[in-house]
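Look for chain A in each of the two complexes below; its partner is chain B in the first and chain C in the second.
For the complex of A and B:
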């Protein structure tokens, strides 16, 4: 099932600017043909993959932007910009494949301990890219995407927090696809926040009770309901780029039955082939994972 | 979400179209099957290569695995799929770990099958003792400390800790201490988890023995920076692969987000 049914010609026609010289036109036509073929092959590949189960929710840990910048002798900021381009690319592939929920680990609470210049750079990049996403014709429009900013938003500066809240409000009516961006997030912070909220809710409900013993106990579902991530189902797959094999305080509560994949490619180098490989492996393990999830 | 769900049953006037879409569906399904057969063959061959490598490692041919800096591994966790638990295999695995020099191990399975076999395991192995709080800071060369964990130490424990904090909060309220909104922090959470008896140390390395690389509900609070490595089914566990996994761990360098 495809969320986007635009024919491949329209994709490739957008590649050439109207004011081309004769020489450039030749290269342009070649680029168009290449893009058309690529688009067609991708759709064909996805249509075969769709014979089997497609994950509903994929989570990405976008690791390796700084290493990419070092490797290519770029400025550190350019590594993060390349990372953003890679994200848009992956979002396109995932939504075309039929994945509904995508979560990305954009900024951890631990990342605040980095050099202030880098933190500021990332915050500025985030505000700039939020503006881009809210423009007409962006990927948000293309897929009817709803944006969520997940984390302890109170730790962000007022500019970033305002941009995030604006984006969430502006896309609140969308429902075809969902993008959850984890900023100022750690799983331990999320769990403590959920416990605090559950306590407050239970306390509110128990105001009439005089005896502490009669007060209802907090259950696992009460905590689960107050998690930042309760707006989405648990992820089916977690993909961490750069070959690192840990979760780094990301979705620890939600990933009991989510296989973790660690392709060695750095985040800006992640390609459609990594995604296809991960989905194929997920399909091999699907029966086992479904059985595990259904157990009490 | 199968591709073939897109094709709705055709009426009489669309019969020729339905035939071609049927053929299209079958072609797609066939291609999908072929791709999966090729992948399974690939993993089978990979399995043979791994077995070969494991034999080379255990027989000492690959020299680099002989001297492992096992002191770097402070705490090791083993996650086993509850349905795959075989006592003999687990005992063998613990023996291997002791030979390698691992000092502190946590055995986890969702259902608690390993917990139920705690007595038998402790009895059968002379070099193990039950883990006690604070053990991770000491290292007795003759003894390996063993912790048993299950689902009840994961989300259940967090709920019990939450209730402890809730009771504390209500008691404070009933004593009239309502000047400020009491917000519990991560430090309070850690204390509460200790009080409900589920506060083991964070493993450096977690080895998953099962069909997929999932932590199967290992206590979330203890997994923050744990390296998670997939070892395959417990049935086909190999000493060489174990050595390789621990060796690879000792080479890792973490930034912890900074």
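For the complex of A and C:
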């Protein structure tokens, strides 16, 4: 499995030890060969998958970073860093496969109740990684990715909010791939916001009821239009890592018809095999799911 | 052997004594000579003299028609009473597939599914689950073939007619959620009658979602809020999660959010069922088709629920 776990962007100086003995050179070349073989196998499998329908939008609940750190006897912060590396891998696989929209549940409003040290650690990590994403040659450049930070951004500190807004502005011209990062987000908060906006903007029709008075006629689309997630279609698939089978207030409205998968692997352990298995199952049920979605 | 008239007057004397007492829980022992056994009745008697049944919170729930004549049935091995879900929701999927596998028409599958529901209700009553919500018919199901839809409407009527007494005897209160205006008039009347007839029961609150859509539920809540804003009853700034929750169709329930949702037949979707209410619900997707979902499978779902750590976004200590 490790052969095709990571995308093949390994440079030779990362594989070889500084003192270039014959034996170490051989090992370096062996590792490089494995890496190229892994890349070839991945591209081969993706081209087979591409014969069938590819999901347009996959949503991930990235659960299990802390448990991963505990399992590997790491510091808690290292679990979240490993989680970020895993996210980059998964983004690579998904965009190479042809998925256009990816949504990740990075930080829930409920997560603010955690220990302040952990919250601060996550906020600092977020700022650091946003800066990494905006550097030249990053995955954002590679796939022409547009970034959206979805949630009640007013709950974030000014530093984090500024970093998020800068990232959204810097990538606003991109359109080949879209990454929606749910931060300071819960679905119920999103719906409250949408209802508030719909009523405030007074865009819905009023109809006369029994010729007495005009009654506001909010429709489903009036609410949908004002959701934070209105910039993307509903997810075709939701994947929650670590084996927990619940939505935890994530995209409750948008996932009404989405299949939910919950592999037992912790988020930093999620691999290309989990993605392939999910996509194969999606393809198997595609015709039935499409029929369900087309019903008004 | 005491004549029945004497035992009745003894009961009245005991009750009149308790009426003059402060509100309290009194365990009354009455000897029923016709049965020759002692029956323990637990009652909480208020100052008004009307007997109430105390629920787990110690709040009077106000029914005079149900009495705990026995202790709750012991749970199967491995299940802990303190970890039982209070509210279980079920998506009863797989009837048509069950019938197809047996070379039978879909109607046979739906009829077989009724048996599973009957058993589930009994188990919920016996094991002290407080609320059971069943997804009987979604708003999308109206697009099924007319023959199947008409059969389902007929089946709902037949089952409600035949099972109402049994359900009432078990102390089950029936409520319905969904757009009932689309249902046949006869079924609407029957459901209304069932709700009225069982409204004072408190062993189990069974909510039947019929012609229901989670998105429509949220939308109608928003419509009502918009009206209140228009009428000046509330301001825009008052709109919060609690307000929306209070306007949903499930707001009448003591426990509007399910602790556990079970969907049968291996499908991994919510299918527009109780979207808002399922924010932190544990989801259990069973491979079994609904007509085959019985006590064993329910116990398995409960086992799975009891293993899970529910954190609601925070951390365990």
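The definition used in the following text is that the second predicted complex is superposed on the first by the 258 of 296 C-alpha atoms of A that agree within 3 Å, B and C clash if a C-alpha of one lies under 4 Å from a C-alpha of the other, contacts with A are read in each partner's own complex, and residues count from 1 in each chain.
Here, a contact is a pair of C-beta atoms (placed from the backbone, for glycine too) under 8 Å apart; a residue touches a chain by one contact, two chains touch by 3 or more.
Fair warning: this is a prediction, and the values are worked out from it, not measured in the lab.
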Chain A as common anchor, with chain B and chain C clashing or fitting: clash
Chain B versus chain C as contact partner of A:113, first or second or both or neither: both
Touching partner for A:169 - first (chain B), second (chain C), both, neither: neither
Chain B versus chain C as contact partner of A:98, first or second or both or neither: first
Greater residue coverage of chain A in the superposed arrangement, chain B or chain C: B
Chain B versus chain C as contact partner of A:283, first or second or both or neither: first
Chain B versus chain C as contact partner of A:53, first or second or both or neither: first
Doubly contacted residues of chain A, that is, touched by chain B and again by chain C: 108, 110-111, 113-114, 186-189, 191-192, 195-196, 198-199, 215, 217-220, 223, 245-249, 252-253, 255-261, 292, 295
Complex contacts: residues of chain C adjacent to chain A: 140, 143, 214-216, 218-219, 222-223, 225-227, 229-230, 236, 239-241, 244, 267-272, 275-276, 278-285, 308, 312-315
Chain C-touching residues of chain A, taken from the complex the two chains share: 66, 108-111, 113-115, 118, 186-189, 191-192, 195-196, 198-200, 204, 215-220, 223, 244-249, 252-253, 255-261, 292, 295
In the complex with chain B, residue positions of chain A that touch it: 1, 47-54, 98, 108, 110-111, 113-114, 186-189, 191-192, 195-196, 198-199, 202-203, 206, 212, 215, 217-220, 222-223, 245-249, 252-253, 255-261, 280-281, 283-285, 288-289, 292, 295
Contact set on chain B toward chain A in their complex: 1-6, 28-29, 31-32, 35-36, 39-40, 110, 154-156, 158-159, 161-163, 165-167, 169-171, 173-174, 183-186, 188-189, 211-218, 220-221, 223-229, 254, 256-258
